[in-house]
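Here the structure comes first, spelled out in structure tokens, and everything after it is commentary.
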Amino acid sequence: MSDTSPNVADERLKSESFFAKLMKRPELGAIAGVILVVIFFGLTADGSMFSLSGFMNFMTPASQLGILAIGAALLMIGGEFDLSIGSMVAFAGLFFGVCVVTWGLPLVFAIPLTFLFAAFVGGINGTICIRSGLPSFIVTLAFLFILRGLSLVGLKMATGGSTQLRGVRDAVENDWLAPLFSGDAFPGLFTWLAETGLVATFKNGSPKVPGIPVEILWFIVIALLATYVLLRTPAGNWIFASGGDRNAASNSGVPVDRVKISLFMLTACCAALVAIITVMDSGSTDARRGFQKEFEAIIAAVIGGCLLTGGYGSAIGAFFGSIIFGMVVIGLTYTDFDQDWFQVFLGGMLLIAVLFNNAIRKRVTGER
Amino acid sequence: MSDTSPNVADERLKSESFFAKLMKRPELGAIAGVILVVIFFGLTADGSMFSLSGFMNFMTPASQLGILAIGAALLMIGGEFDLSIGSMVAFAGLFFGVCVVTWGLPLVFAIPLTFLFAAFVGGINGTICIRSGLPSFIVTLAFLFILRGLSLVGLKMATGGSTQLRGVRDAVENDWLAPLFSGDAFPGLFTWLAETGLVATFKNGSPKVPGIPVEILWFIVIALLATYVLLRTPAGNWIFASGGDRNAASNSGVPVDRVKISLFMLTACCAALVAIITVMDSGSTDARRGFQKEFEAIIAAVIGGCLLTGGYGSAIGAFFGSIIFGMVVIGLTYTDFDQDWFQVFLGGMLLIAVLFNNAIRKRVTGER
Amino acid sequence: MTEDSKFHHGDANDAAPIVQMQNIEKHFGNIIALAGVSFDVKPGECHCLLGDNGAGKSTFIKTMSGVHKPTKGEILFEGKPMNFNTPRDAMEAGIATVFQDLAMIPLMSVTRNFFMGREPTKGSGILKRYDADHANAVAMEEMRKMGINLRGPDQAVGTLSGGERQTVAIARAVYFGAKILILDEPTSALGVRQTSNVLATIDKVRNQGIGVVFISHNVRHALAVGDRFTVLNRGKTLGTAKRGEITPEELQDLMAGGQEMAQLEGSLGGTV
Amino acid sequence: MTEDSKFHHGDANDAAPIVQMQNIEKHFGNIIALAGVSFDVKPGECHCLLGDNGAGKSTFIKTMSGVHKPTKGEILFEGKPMNFNTPRDAMEAGIATVFQDLAMIPLMSVTRNFFMGREPTKGSGILKRYDADHANAVAMEEMRKMGINLRGPDQAVGTLSGGERQTVAIARAVYFGAKILILDEPTSALGVRQTSNVLATIDKVRNQGIGVVFISHNVRHALAVGDRFTVLNRGKTLGTAKRGEITPEELQDLMAGGQEMAQLEGSLGGTV
Amino acid sequence: QDIVVVSHGQANDAFWNVVKNGVEQAGKDTGINVDYRAPETFDMVAMSQLIDAAVNQEPDGLIVSIPDADALGPSIERAVAAGIPVISINSGSDVSKGLGALLHVGQDEYDAGKAAGEKLAGMGGKSGICVNHEVGNVALDLRCQGFSDGFGGSVTVLPTTNDPSEIQSKVAAALAADESVDTVMALGAGTAGEPAVAAAKASGRDVAVASFDLSANFLQSVADGDAAFAIDQQQYLQGYLSVNFMALHAKFGLMPGGNVPSGPNLITADKAGQVVELSAKGIR
């Protein structure tokens, strides 16, 4: 009925630079913040921060946070919160520790069991939210307390009174699955690189960086996977729709309840993954593991451009958000600032990073 | 044009019991939760919990929380968050302490100065949110860190190295304004009541309850005032409108920005009030005052029926929400349960209270 | 308005109805929105649902498309009692709906809204993925058929004009409509060209044997495509008339709930 | 549709315009919504703004009522350059608007929405408070004048039917309209009775010397009350015609952007 | 020359603030550049990352607290392997040597708790509560455990947040609910000790209140006889001495032959008066 095809230039459109198009995507806004933070530390921090070992050093906590943040971001895009992930890290860590230490299960059973268990708890969370229609904030908050409390009780039962369960490292030492979830990947490569002098070494000749910490690999894989799901699968569309407008999505045939419950399970599984990695790395678990991580994960997701009200955001954004957060937290130790000022500094950097981010985006995309 | 007047019974309405009408109001939903919690503790707790002194005992922290929660509730109804109120308690407390101890100001100057100062910081918070268009979550989060950090730095400067500033009680001892902000109100009345035997006494004849802690009175007054403003003034309507739909409200002529900034200032002033009361009561302030109070205030507001997305809620709901939270936190100490289970119990009670609340409301109002 | 329409009006009265709704009641708390309404749709007919504002039309079609559960009353789908728990169930049974509030997500793009809940995929197994190119092409093409030239398929629906947004909803329902197409005031925000396209589309899908439920406040639009007319008033039905059994003026009086109207018939030529 | 309307059509051509908009452009990022539109409103006239979906009508009136700042172009209010920063400024200058999306808060009651931003008070000084009884009475009465009987003034707007909600917005604007009343597709969701009330109301306020801007897709409604007709197309104006200078068919062709329409004129008697 | 201190206590924690003050003073006195670092909360994973970050900067000395040898061990061993001298402070006296640290300055939390418990039992206590304001912080858990082992009688752990008014209410509630309670052990003087004293006073009963660490107000209560005693680890020494040892080690290779116990040191009414002012300045 019309002769204007969408590919023919439309007189109602101004031309737009490639850069502007890029900055419009929610996933890439946070890049401006990353650049700003890198510049800041480049100027103020000890040079070793951006050496290979310094990079691994700030990427490790960023990755642990990031795995949670990506889960939280998906859930937030789907329109819900999970405040219990921090406690879930402690609880799943306890469960995993008990599997491995107390029951002596090999990892090939312990890990799937832990995931199943986490997914189950996440499912309960989700089901209560959906069935009751209560805001997920309050329901998962209850679980924040419940899981944290159960971790304490469980630890005391498992250890006979202590709040710390030890001996995980010994228990998993020779398990063939252990290298997938703990320590550093590609140690051989790095030893070889150190020998050829490509990687710096300590005085005793061992490489400063023994390999890539596995959490970094997991982090990257999960970020890519989550992005793929969000942008390239029907499920991704359902997540956006469920968070954008619950009624409209449901009226258009999106199985909103199913989507949301799955997201709760996914988030819990992310927490379980972090629990498994950190428990195996540290060899122990205690009742305060993951304390306030739910908070940090939400911060990272929001820095990365997720809306608290749902329906908007990206996994890549959460990826960069976690890196910003991780870099700021660790970066201070490479500078000469007094520790007393740490929180002022952290708050200030976060604010500047998001403001900068926002200003650049508005500038480039011409929004008013 | 029509003969149907609104007062004539409409055949499109079912008749509805008075109770159902009551339960529909957001302010009263939380009452069901209060009743449930009272019944629970009535059955399980030591009788002294519901003695007069026990009542004052759990109402004191509930009131301190409640003052914050009412501020947070108004702000949430207006569609924003303030995560910095907990840090604001510490920061305003420091400011007040410095006014009184270091500068030796009388309360009649120190208190208004503290409020002004808090309002100023709240105003900055609000202005950044409004101007940048960033979510208030991330902006006030930055201030959570910044204010907490500044409290520490300020304390160390004021004391020459300690994290605790003391001597407030001595400094305000004889100030005529002090009774309004600290200690117990109506001591004479209670002594008299004790003499007539209406109030239990210690062996030495002094009443077990020396008076009503002032924070309880402030709490009640603020709750009534906030309810009046919300329901009976134009400003209340603007708050609901700003939170319900920012654009729609602005298009209808509500000065949304002004409303929101005022609410940020109000919330900060609530935090300052709590700071003044607690600092004068304890005679000292330290860097950890108000830790996580922002979180508890939001919890109380949500238990009381506020929506996180804004535009719905009530001050009376936050009032009951704080009492529920305060009662549950303190109540367990009166029971025989193993204290290790405290958090499990706290979470469980919160969940049951809101679920019950919700179930009763749906039942009564016939929603599906 | 006249019987000499260029449309073919199917005489589908003898066919078995696809959906039959009997004595539907719907209460919201103490509000009675529907107080017993019966209605049916046959294949290949356009059944118009008319009535005053607040009469209960939208509530009624929402019970038909699985959004609301009726408080009382029975729904038969192809002769069997049906019990849709979610709109998705209704959709899978072949009922496509354009809701009055359109059921669109403002932050999502046109294409993603168009295919929401029924995304086209390519590849198979673990590689099965959303087919963005195909989806974009289909969405733009269907919008063009309705007379809207979008700037691009990735504009957010929230930034579309009112009529553009409504057209997305209609195009989507038509594209996925299988047995019944429910249109709740589909032309309310549309321009003249788009409106005539929608009316022509209704005629086209009816001729394919699909049953259409059409809600409108415009007597002329209703008469242009309707085969039967059911009028609701204050939650009750005032009866069903066949095409030709009722004059436009009678119909308009029924739609106004029998109440007197402001005097401007002269300038509007009998019908508003 | 015919010239023999019962309305009085004011010949306000000689009066000075209240608002004059010159060469207004509005861009959203890379999207050009308005590419230079000029328009004016005189006291006591009803100026219709017509055009295809997405032509830019809503964007245009939003610049007039202070929601958008124009990218380019000048606005004169009573002869002086005006610069509204917020819709509140425009309102205080005497411009009342019914937006296409209605600007209602779903969770708030009818009365509170009605008076949003301009609450009536009683008492004075510190005792100055919202006058709920008065507000309720006024809201119910104004709604009744438009032909809607609400169940009660405290029903949440989100649970009203589409037409009821639209009527709240119209009644509000009419109640507060002082110099200019802007109506963006006010009758789109209304029943026949409510529509005729709104058209009659437009006539009434025009006779009080208020300038009315009326956006519609219904040629018949526009011709029933309009004194001048400006047609937009793809962000540009196609020109302004006076009442009587243009036939309904010509106007309809202009509104459709000159593009060919689906064949159903027969059944609709010339105009959709 | 640089020395890095990584502890598990935050800068705004009253106890660790004193350590930090000691560290800074030692830095000034020796002319060495010292950095004090700690994770945001009691978080062993984050702490090990901070140690790694410190090792990356190859300081001339590393001073750490070791509340969890499993979690921190690998990072400390990495520092040792990198040739960085390590001294441990505060907690971890038992594992310090094994991980390759040169020396331990401090006092075991458990031992301190036990000493306090014995003292309170000696004062006639039969039934006590231990106010834990950060449940799950292993250092605090150990204090409670030590207390309950030393005390012998019945001990309940009372978990709270670190909000003083809530602690006051909870202690008051615990006293009201159980008439037999005659002893309250607080794990931090400022946060928990002061409100516990207030609650004990309001109860009108004769309750012995003791607290770990010092705060000026609590010491005043001790001096006034409202509280029994405060347990002082003299943590200033932990910061000051460790930095000094490290500085001397760097300069001359000197190092004492054995661990240095910095406490426990019970501060009772007779000594409390002298300590108040120092405590208000963050030295004790």
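All chains are identified by letter, namely A, B, C, D and E, in their written order; residue positions are counted from 1 within each chain.
Definition applied: a contact is a pair of C-beta atoms (placed from the backbone, for glycine too) under 8 Å apart; a residue touches a chain by one contact, two chains touch by 3 or more.
Being a predicted model, the structure only gives us computed values, none of them experimental.
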| item | value |
| --- | --- |
| Topological distance between chain B and chain C, in contact steps | 1 |
| Per Cα centroids, the chain farthest from chain D | E |
| Most remote chain, CA-based centroid, reference being chain B | C |
| Chain C-chain E separation of Cα centroids, rounded to whole Å | 72 |
| Euclidean distance of C-alpha centroids - chain C vs chain D, Å | 27 |
| Length of the line joining the C-alpha centres of chain A and chain B, rounded to whole Å | 33 |
| Multi-partner residues of chain A (at least 2 other chains) | 1-2, 12-13, 148, 152, 340, 342 |
| Sequence positions of chain C contacting 2 or more other chains | 28, 31, 101, 147, 151, 197, 259 |
| Multi-partner residues of chain E (at least 2 other chains) | 11, 135 |
| Chain-chain contacts as defined at top | A-B, A-C, A-D, A-E, B-C, B-D, B-E, C-D |
| Contact set on chain A toward chain C in their complex | 1-2, 4, 6, 10, 12-13, 228, 231-234, 236-238, 240-241, 244-245, 247-255, 311-312 |
| Chain A-facing residues of chain E, complex | 11, 20, 35-38, 40-46, 48-50, 52-54, 56-58, 68, 70-71, 73-74, 81-83, 134-138, 141, 145 |
| Footprint of chain A on chain B - complex, ascending | 128, 132-135, 137-139, 141-150, 152-153, 156, 298-299, 302-303, 307-309, 340-348, 350-351, 354-355, 358-359 |
| Residues on chain D engaged by chain B in the complex (per definition of touch) | 65, 67, 86-88, 91-92, 97, 99, 101-108, 112-113, 115-119, 121, 128-130, 132, 140, 144-145, 147, 149-153, 172, 197 |
| Chain B residues within the chain C interface of the complex | 1-2, 11-16, 20, 24, 365-368 |
